[in-house]
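I've put the structures underneath this note.
Next come two complexes built around chain A: one with chain B, the other with chain C.
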Partner chain A sequence: MSLKGSLTPWGPLKAMNPLSPMSPLRLYARSRALPAALAALAGTAVAAAWAAHWLVSLPAFDHTARLPVVVFGPLLAAAAIGTGLHTPSDELDRTAVRAWWPRRLAHLLGATVLAVALLALAVPGHAEAFGAPAAVRNTLGLAGVAAAGAALIGARLSWLPPVLFVGGVYLAAPGEPGGAADWWAWVMQPGPQGGSWTVAVAAFTAGATLYAWRGARRATAAS
Partner chain B sequence: MTATLTPSRTDAPARVRAARPLRTELRRGLGPWAGAAVAVTVLVAMYGKGPQWQTRWTDVTALLHVTVGLLGGPLALAAGCWQGGRDRRRGTTELWGSVPRSPLRHLLVSAAPSALWPAAGVLLADTVSLLATWPYTSVGRPFLELLAADAVAVASLGALGHLAGRLVPWRLTAPLLGIVGYVGLAIGTYTQSEARWLSPASEYTYPWARTVWWFGPVSMAWTAGLALAALLAYGARPARLRAFALIPLAVAVTAAGLILRLPSDEGPWRLDPTLTRAVCDRGSPQVCVTVLDEKLLSAVSEALAPLNARLTGLPGAPTRWAVGPVDPRPGDVELPDPTQDMVRGRVERADLYRNSAVAQLFADTCEPGDLMGPNAERASLVNAAVIEWLAPTPSDFGPDTAVAQPYIDRLNAKSPAAQRDYLTRYLAANPCHPDEVPIP
Partner chain C sequence: MNPSATVAVTGLTVRHRRTVALDALDLSLGPGVHGLLGPNGAGKTSLIRVLATVAAPSSGRVELLGTDSAGHGERTAIRRRLGYLPQEFGYYPAFTVREFVAYVAWLKEVPADRAPAAVERAVRRVGLGDRIDARMKTLSGGMVRRAGIAQAIVNEPELLLLDEPTAGLDPEQRVEFRALLRELGTRATVVVSTHLVEDVAAACTDVALIEAGRLAFQGATAELVALGGEPAEPGGSPTSAVERGYTTALRAHRGPTGRARESLR
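This part shows the complex of A and B:
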């Protein structure tokens, strides 16, 4: 028996299949509860697609009735992404030799791209009014807010800032798009308004940068 | 030296403060933040709708009810759910099972912040909104019993969220519960069945109405009974004591039965005849509002003054502009509700309000087949020109009236006496019959 082969009962680490039951990727996915987060994203997209179809099919409504779908679908997706950033071994992770920021960024980008794609498919047609562009913009922006929340108050409570923001602007936003509301109520805009896209992209960029740089704030036992 | 370091035998023993778990629970954790979040969220939403509710107690109560129900309720659910999962996150669930305090008492103490802080946030937002409304209301009082029922409903949702947090060990439970709670409450506002009055966010706005006296207390019994029943069913030990949960459940079901017997359209609201008495100014035409809007009378009269100056004394002109359900008389013209254009006691867009009033003055209902014939288009232009001449459409509002400009120019070119003569002939004509409409 060679020395290399005697390191572990099942063989040297380098010989591991990356998709084997104990691969680092699989361990990482399990530690972040990624399967549950992915299932939540898929469930959110299915529920959003059903809700959008149901609202449009109501006699008194048309495609503009999809506003709740393009707001609350991305909100739930952002909550799933944000809570998925929680690590149960934060102190241990920070002792690693390799830099964590590329992995954090890849995790956030991967989950966000998946959520964006799923929710864009959930609201087809009428891109100008609460269609796929609005869903993409809101998913991006709210995921960024959740990522910033994870860095500042912890991943398990990262859903709180986007929920508070949406709760605050949902009833306060004016009925007509445009004006200053493009900026402060960006999540309520129908689609192509430039100001709303600027804020959403800025929120995602800032949130992703902050999370990649700092990681999720270590949660105390009480939080 | 030694004596100075030794405590005197006569010193009183140090007083040990009794532990106050409820006080500690209320002061720490997410509770105060949840209360602040509810207050800020409701106040931001109310601020965004400011001009719509700062005139009448019914308006502010109705909007607070919807805002608190739709925003405060889901937030309380989510925050309570998070608070409910605290012991599991701390890993102290089994430890709590070893203390002499009963499980029910521990549950009630730990659920207190989930229920009380969001309710306190609601009451704070209510107080601020009512104080902001007070200077501009004319009669009546705030519907405190309904606002108290809203606070109890939010507290109940917080307690139910707390239980959900204890029962479901999943990170996404709290935001999911909040969003599902919002969607459920929002759907309730769209339905027209009797069951919508059970919802803490049911919408109804009729300014000249009051609720039946028992609706507030019964609503409290409905929501609080449900929450208390759930808490007792979960926390009472030994198991046979859980039967006590049936008492608040029976209260809640009885309250729900009473609410479900309300009419589906107006629910608990009833017209209050004392609020519809007319109060008029001395102008011609008179401007009349109900006593509910007495403080608005001078602002509405002022907004309509330029229009009234052209209509004064003309045969066929309205005798009264009537706002709201005042006793109708011949010659009355109903005005649009001014509260939509009022900002803190003044008409913000007087030009728009005058234009709406003139549109209302000439809003005849023509029969099918009217407004036909060779002169129909000309009559339509003349009608538009007269409206535009009496109260020009604001540049940022309504259709473009440039096509009627030649007739407007002709009206402006006339002498005051000729203008009054033309307006008299126009008011005497039937605008639905194009041949009768006089050309300026």
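This part shows the complex of A and C:
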């Protein structure tokens, strides 16, 4: 195989013109309803930016009031990424000549990088307290949890594990950062806490590996 | 085993949790159209899915197109030359027929410069040429099935596996489809799983009959017809010779114990 022929997980680079209606990349994106997922990510980022701005502008609050934004913005983004891993043509996809894992990994990484960038821009300033670093960490970690969910219970329900986790932790986490909560309540930490980053990166690595290896679990059992 | 066989299966066993779908099945198929018959739950779909390389056997050896399908590299080479219509196949509903078939052409690595023509040819062959730019979700059940057949033949496969391809086709479409099958069978090995015995009589050169995960009968369609013999009761139910042959072969395979079980019902 020539170098040109192996440049992208979707095929030769010269066939990748996204404007051509029959380009593989475009067909793949449409088969996964990627335009809708991208719109959901953009909408989430805009809503998060607006909410952060509004909370900080309230007279009784300052930038530390952005906690809900850096938790629920990434949660919505993770849900959009996870459900975007759904494929309606699972049985036909299994007959593909090429291995799926590079495409799965590229899909997940691409969507996560975009979500991370958008949400980092949504909470400018005060990096140490619920700013861009916390948004990046939470998006990364929750996207990993959603990807693992897609592999284990199916892409359609992949939003469920991150929602249950965030719901539980949001109610149970202590008010002060640090200590053991760094690890188990990593989404609630203001920013630079090392333990929270370790857990988030580990969650993404594990989730991405699991999804790339197994793919989304099929929705209906094979007869 | 016949060295020229496109499909050579030995001791193939497939288990789903605690049930055995295929039980040490031996089967060898060469070019032509093979009807895969059997009662519901006999293991037809399990066999087709293993042959399509989408399901792994629990044990046994599966040789497709001259290579063992257990190896990763071999499987890749096989898939390029394989066509598969699943019994139920999903598709992105907003795809047009052209996009749907092009998507599969891409999965099968049909070269990009040849793909557009291959897609149009496959769609024309199943008689959907006038609906090629219609969205999949606007098609009737029979048209979706034909789009499914089009995706299965887009890469001009040497081994074509069709699971219940005539479900949802009206009688006229079935007649056209059988003609297409005969045409495809001149060059490729076509395996058609069906529960419609008349499809087999009209389009298949050979028949394999599966019952409870085992091969009950294999031979030319004419042999199965001959097995049917003359109608038992003149003026009785108008069953065709091939249907009687099907029943005779099944009963012979079930043997005395099976017959005893049947008489108890």
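Some points to look at:
Heads up, the rule we're going with is that the second predicted complex is superposed on the first by the 201 of 223 C-alpha atoms of A that agree within 3 Å, B and C clash if a C-alpha of one lies under 4 Å from a C-alpha of the other, contacts with A are read in each partner's own complex, and residues count from 1 in each chain.
Quick note on the criterion: a contact is a pair of C-beta atoms (placed from the backbone, for glycine too) under 8 Å apart; a residue touches a chain by one contact, two chains touch by 3 or more.
In this text, all values refer to a predicted model and were calculated from it rather than measured experimentally.
In the superposition on chain A, A:Pro24 makes contact with chain C only, while chain B stays out of contact range.
Of the two partner chains placed by the overlay, chain B and chain C both lie in contact with A:Ala33. Within the superposed three-chain model, A:Phe130 lies out of touch with both chain B and chain C [touch as defined at top]. When the two complexes are overlaid on their common chain A, residue A:Trp159 makes contact with chain B while staying clear of chain C. When the two structures are aligned on the shared chain, A:Ala172 is found in touch with chain B, with no touch to chain C. Of the two partner chains, neither chain B nor chain C is touched by A:Tyr211.
Shared-chain residue A:Leu92: touches chain C; no touch with chain B.
Once chain A of one complex is fitted onto chain A of the other, the partner contacts of A:Trp197 are absent, as it touches neither chain B nor chain C.
In the superposition on chain A, the residues of chain A contacted by chain B and by chain C overlap at 33, 222-223.
Within the complex formed with chain A, the chain C residues making contact are 16, 45, 49, 52-55, 76, 79-80, 82, 84, 86-95, 98-99, 102-104, 106-109, 112, 115-116, 119, 151. Taken together, the chain B residues at the contact with chain A in this complex read 28-29, 37, 40-41, 44-45, 47-49, 66-67, 70-71, 74-75, 78, 82, 86, 89-91, 170-172, 174-176, 178-179, 182-183, 186. Chain A meets chain C in the complex at residues 10-12, 14-15, 21-22, 24, 27-28, 30-33, 87-98, 222-223. By the touch rule above, chain A contacts chain B in their complex via residues 33, 36, 40, 51, 68, 72, 75-76, 79-80, 83, 86, 156-157, 159-160, 163-164, 167-174, 219, 221-223.
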